[in-house]
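Worksheet: one structure, shown below.
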Amino acid sequence: MARVGLRHLTVTIAGASALVGLTYLLDPFRNYQLATAAAYLCATAGLTLLIGLNGQVSLGHGALMATGAYTVALLPSGMLLLSVAAAVLVATLAGAVVGVAAARLRGPYLAGVTLAVTMVVPAVTTMADAVFHGDQGLSVAAPPAPLWVAPERWQAWQAIAAAAVTLFVLANLLRSRFGREWRAVRDDEVAAQLAGIPVARTQVLAFVVSAACAGLGGAMFAVLAQSVSPSTFSLTLSLYLLLAVVVGGLGSLAGAAWGALLLVLLPDAIHSVTDGLPLGPDLAQRLTGNLPLAVFGLTLVLVVLAVPGGLQGLLVRAVRRLR
Amino acid sequence: MRPLLEVQGLTAGYGGVPVLDEVDLAIEPATICAVLGANGAGKTTLVRALSGLIRPAAGQVVYDGRNLDGVPVEDRVRLGLAHVPEGRAVVEQLTVDENLRLAVLWRRDRHVRRDLAEVYELFEPLARRRSHLGHQLSGGERQMLALGRALVAGPRLLLLDEPSLGLAPKVIAEILTLLARLRDTTGLTVLLVEQNVRSALSVADRSVVMALGRVTTADVSDATLRHAYLGF
Amino acid sequence: MERFVFLTLDGLARGAVYAAFGLALVLIWRGTRVVNFAQGALAVASAYLAYTVTGATGSYWWGLVAALAGGLALGALVELLVMRWAGRAGPLEPVIAALGLVLLIQALLGMVYGNDFHPVDTPFARTALTVRGFDLVSPYDLFVLGAVLTVMLLLAVLFGRTKTGLRMRAAAFAPEVSRLLGVRVGRVLTLGWALAAAVGALAAMLVIPTELGLHPTAMDLVFVSGFTAAVVGGLDSPVGAVVGGLGVGVVLSYVGGYLGSDATPVAVLLLLLTVLLLRPGGLFSTVQARRV
Amino acid sequence: MRTILHRGLTLAAASVLVIAAAACGGGSSGTPGVTASTVVVGTHQPLTGPASPGYSKISVATKAYFDHVNAHGGVHGRKITYRVMDDGYNPANTQQVVRKLVLSDRVFAVLNGLGTPTHTGVLDFLKTNRVPDLFVASGSRSWNQPAKYPTTFGFNPDYTVEGKILATYIKGNLPNRKVCFFGQADDFGRDALAGVRQVLGAGTIATRQSYVPTNTDVAPQLSTLKAAGCQVVVSATVPGFTALAVATAARLGFRPQWVVSNVGGDKTTLAARLGAAGAPLLDGLVSAGYLPAVDEPANPWTVQFRKIAEEYAPDLEFDGNVIYGMSVGYLFVQALQAAGRDLTRTSIVDAVTANGFTGPGMVPLRFSAGDHSGYGGLRVNRVTGGKQAYVGPVYVTDDRSGPVREYTEAAPTPPANAIPVG
């Protein structure tokens, strides 16, 4: 166990160092995209664990990210590390509350409750307007980057660090007794119960862990954007997270990484393509904005129909064939 | 006489693991053929392959001179091939009457009403519980319903998967007697999958034993079979 | 008292639409164990078709017919082209495919019709009938209630009294047994999707004139309410969808009227939690709900 | 374990490839986005999603205006390239697209970024990168913080100014009526209400109701207003909800005098929302504006803008959003001219701060070293017989307790071709 942990640590440090090295090759915009992808990764990794390993579907992870983001925004800006830790703690508590309800519910019923949780976010920010400042949101004064590093690179480092911690913790959890119990519960609840696994507790725990990851992702969102507002954490975000983990490859941390990368790169890539097309003003007006959405939607449908196991599954098969 | 059902080199399985390994089998019309064998021998897989629920990896099934390859499940019943799956598979959310009517929805002829009435005559208890839901029935009643539902379609070949499972000996005897009677009066052909060897053999014209996905003993006398299968 | 009556009637008129929409979700859930997240987008697409037809013929009713026919066709197409092939890897894949369809359909509508709101006329006046100074319902509200009631009766007859309905119920509860009995389950599922999409299209036709107007995202919020309604009622129960829909409509109206519009999402969450913690499968999750 | 390591490294390597392949160097010296023959500016707009109706026309109109200017030789020999990015009114997308504009496309300035929650999120980023952030499309007061955000400038009169002017109209023209308020449950509604109270007095609002954009059932609120016997309803609403409120009130038999905020009071937009059957309900509606109106066929600005729209965006339906987009373009061209031939980010910020711009707005902009808020006044308009025409005097005021004053100078007239003369 300890040896596995050590290996995970080595891999994590190696991977994170490679990415930090990468930040020196990228221009500031790509660094910001990398930072955003890393922030998404915190959330998608937790979500893929919840869905892929525990079979629970949540449409509420956007709301859990919001709890983390608002925590960072509301705490004094001086000690970023402390506010991020507090954000994870608050999201964990929120996850525990939702998770207790979730342990009793299955499939679409859980989806329904988590959907309602997502819809509550803007309502709460409006009702407690004095604290959350409604639709306009709050600004986040993150400590500035050190002078010797470009701000976008610094942001990328922060997000990479958060993602690395998330992946390290999750990888170790998956190898532990908890990980085995999660999988057992997903495969066959009754059998798991007969084998003496406390099913409800396991499910609550899975929800709590993934909520903590979402909280960290949300906190990073706040730091990167230097602001939080409810429309960032709308239902769309929750759905996109879901899309990312499925298209990336459900249940695998690598798949979560592909999904996170996709969320950032795909809209941008499609926009670049449509930008290059010679279009009349009327056609351009109709296509701008709509064409990327159409391509995104079509991609999703095609991946589901033609690429089971998502991108990671595709990659694994390709590597196998090469050998 | 030409066999009603001819199986040649049938190989099938789930997810690449073969469960049936080149099975050959032939059943004459108006006979009862018992397929015996231990749990996991491949009996249920054989029946599912015959009715088309799983696609065979190799081999062929010829029914009444026609190769069934590519004929979907729902068309096989139209050709006169009825399958009563293991565990009776009564649709619990439907009433007895609905379960029965479900089996004749595809029929366009005028005798549907008469055939339904006949089944209710044949299985007295069902008539009394006509409007009860499937999940309210006892095990015996469910078996009657499943059998009646298969018969009302007017099949020529009946595939019965473990009809005796969980039933009282008296009920089992009644069912088997009925099968024998139908064979003699209407010329019904039956493929009877059973673990309950004694009762199966009491009506079977012929029996085969399956083990590890193959037909190991075909056309054997009572004694050999008993020896091979039960060890006495 | 006057206000209470008003809010109740207002809530019921909206709830009827949620009920119809929830019912469409239930139809598909029972047949395929899929929550059709694309239902709102399909319904909006049908409503755009109606918009075009009404624009060309000048008749609301031809538009309504076109929406229903378009809903049938779209539902069948989605089942044949996408959903039939999407459910093989796991339960989540159809959901993702449906979400992909939402993006695709909304984007296509935006390209064809533009991202503007189009006003949609109602066939009856929306002015409330007043009885001794009380605002009661409008003729249009009555039309909505009547249309939803008619559809429910038709569906009840279809499911309870016809051969097709028997096939659909059997295929939903026991697809394999149904196939063994000669039911062409594939066709039945296609029909189920077609019917559900038509019911969804009707809901869209009824609700869009009362909201901001026709827009690719016009049904997003209705989807959330309709889904909530179906979950509260129990996804396996058509009766549950109807009760859930009316319940959600009335609760939203009371909360909006007495506490303020910003509190309604919180009320929805509390309603869901209360119902589901007492009955994790929804209000009508038990045996008696299994009959249509 | 080796597989995990392997996968990790594969992933890292692949990411390097993907991102590096996508990366494109854009290193050029001098002012970003400016060459001898071009100047590139960018914007974020809701082209898709629920906020897109109406607003998605603005950037098309601005672009059409720039095409018109480019066809006449550009500004100081530079053609204007307008890069419009869709953010779907989602602040997270705004973050991405504005960074793409600034860091990757290297735009000279961000022009007319639309929306309060969306634009609030990029203020700090634009400040850090010293990007001129001109003429934000929203009436929030946040854009007026010269000390904190020295490069950000507003455009719209803020909601408080508007509230004060609408209240002045009520005081003068609708005395002794029961005045109520219906507003969006955020800064928009709050700031407008503050302005109304400033003029009418805190205790004079009989009943207040609010809505959230995610709940389209406004019947409960309007039945409350009806029950309270409101005669005048001041409505701080976006167009969709103005239309919804007017239609819902009508079906409840409630016909108050509507006094609607500028952002939600454009008759063309509202009539399109209400349809042929509902449009007559708008008769008598009072709102306010600060730009030339669609229904003023004789106004030379309207004539010119309509001509430009017909030439460069022929399929665009001409409404208040189009005039708004063209006015933004006109103001930006004025600023470019004032910044001089040697265009830098500092020179344009200085030019905007120096102000002195005239037209197409009928009141002056408030820009100065200590004030970055946009237009400082409005003129009340009224729908009569299906036409929305200005009535009464032009008013100017501030967003605090200053008085509401009449502005008496004549409205500016457009130069030839509606291109400002440098």
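Per-chain residue numbering starts at 1, and chain names A, B, C and D are given in the order in which the chains are listed.
In the analysis below, a contact is a pair of C-beta atoms (placed from the backbone, for glycine too) under 8 Å apart; a residue touches a chain by one contact, two chains touch by 3 or more.
Just so you know, these numbers come straight off a predicted model, no measurement behind them.
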- Message: Taking each chain's centre as the mean of its CA atoms, which one is most distant from subunit B?
- Response: D
- Item | Pair of chains joined by more contacts [C-beta pairs], B-C or C-D | C-D
- Message: Rounded to a whole Å, what is the gap between the Cα centroids of subunit C and subunit D?
- Response: 37
- Where the centres are mean C-alpha positions, what is the separation of subunit B from subunit C, in Å? 43
- Note on the structure: Cα centroid separation, subunit A vs subunit B, in Å, comes to 52
- Rounded to the nearest whole Å, what is the centre-to-centre distance of subunit A and subunit C, using the mean of the C-alpha atoms as each centre? 31
- Message: Can you pull out the residues of subunit C that are in contact with at least two other chains?
- Response: 107, 110, 115, 220, 262, 264-265
- Message: Can you list every residue of subunit B that touches 2 or more other chains, as numbers and ranges?
- Response: none
- Note on the structure: By the touch definition above, subunit A meets two or more other chains at residues 119, 122-123, 126, 289-290, 292-293
- Message: Let me make sure I understand the interfaces: which chain pairs count as touching?
- Response: A-C, A-D, B-C, C-D
- Message: Show me the residue ranges of subunit C that touch subunit A in the complex, using the header's touch definition.
- Response: 29, 35, 82, 85-86, 88-97, 99-108, 110-112, 114-115, 220, 224, 227-228, 231, 235, 262-266, 268-269, 272-273, 276-277, 280-282
- Item | Residues on subunit A engaged by subunit C in the complex (per definition of touch) | 51, 57, 101, 104-109, 111-113, 115-117, 119-120, 122-124, 126-127, 235, 239, 242-243, 246-247, 250, 286-287, 289-294, 296-301, 303-305, 308-309
- So in the complex, which bits of subunit D are touching subunit C? 47-50, 52-54, 56, 185, 210-212, 214-221, 223-224, 226-227, 240-241, 243-244, 247, 250-253, 272-278
- Message: Residue numbers of subunit A touching subunit D in their complex, please.
- Response: 4, 7-8, 10-12, 14-15, 18-19, 22, 25-30, 32-34, 36, 119, 122-123, 126, 129, 133-137, 139, 151-152, 171, 221, 224-227, 229-232, 234, 236-237, 254, 257-258, 261, 264-265, 267-269, 271, 281-282, 285, 288-290, 292-293, 315, 319
- subunit D to subunit A touching residues, read off their complex: 1, 4-5, 7-13, 15-16, 18-20, 22-26, 47-48, 52, 56, 60, 63-64, 84-86, 88-93, 95-96, 99-100, 102-104, 116-118, 120-121, 123-125, 128, 140, 142, 185-187, 212, 214, 312-316
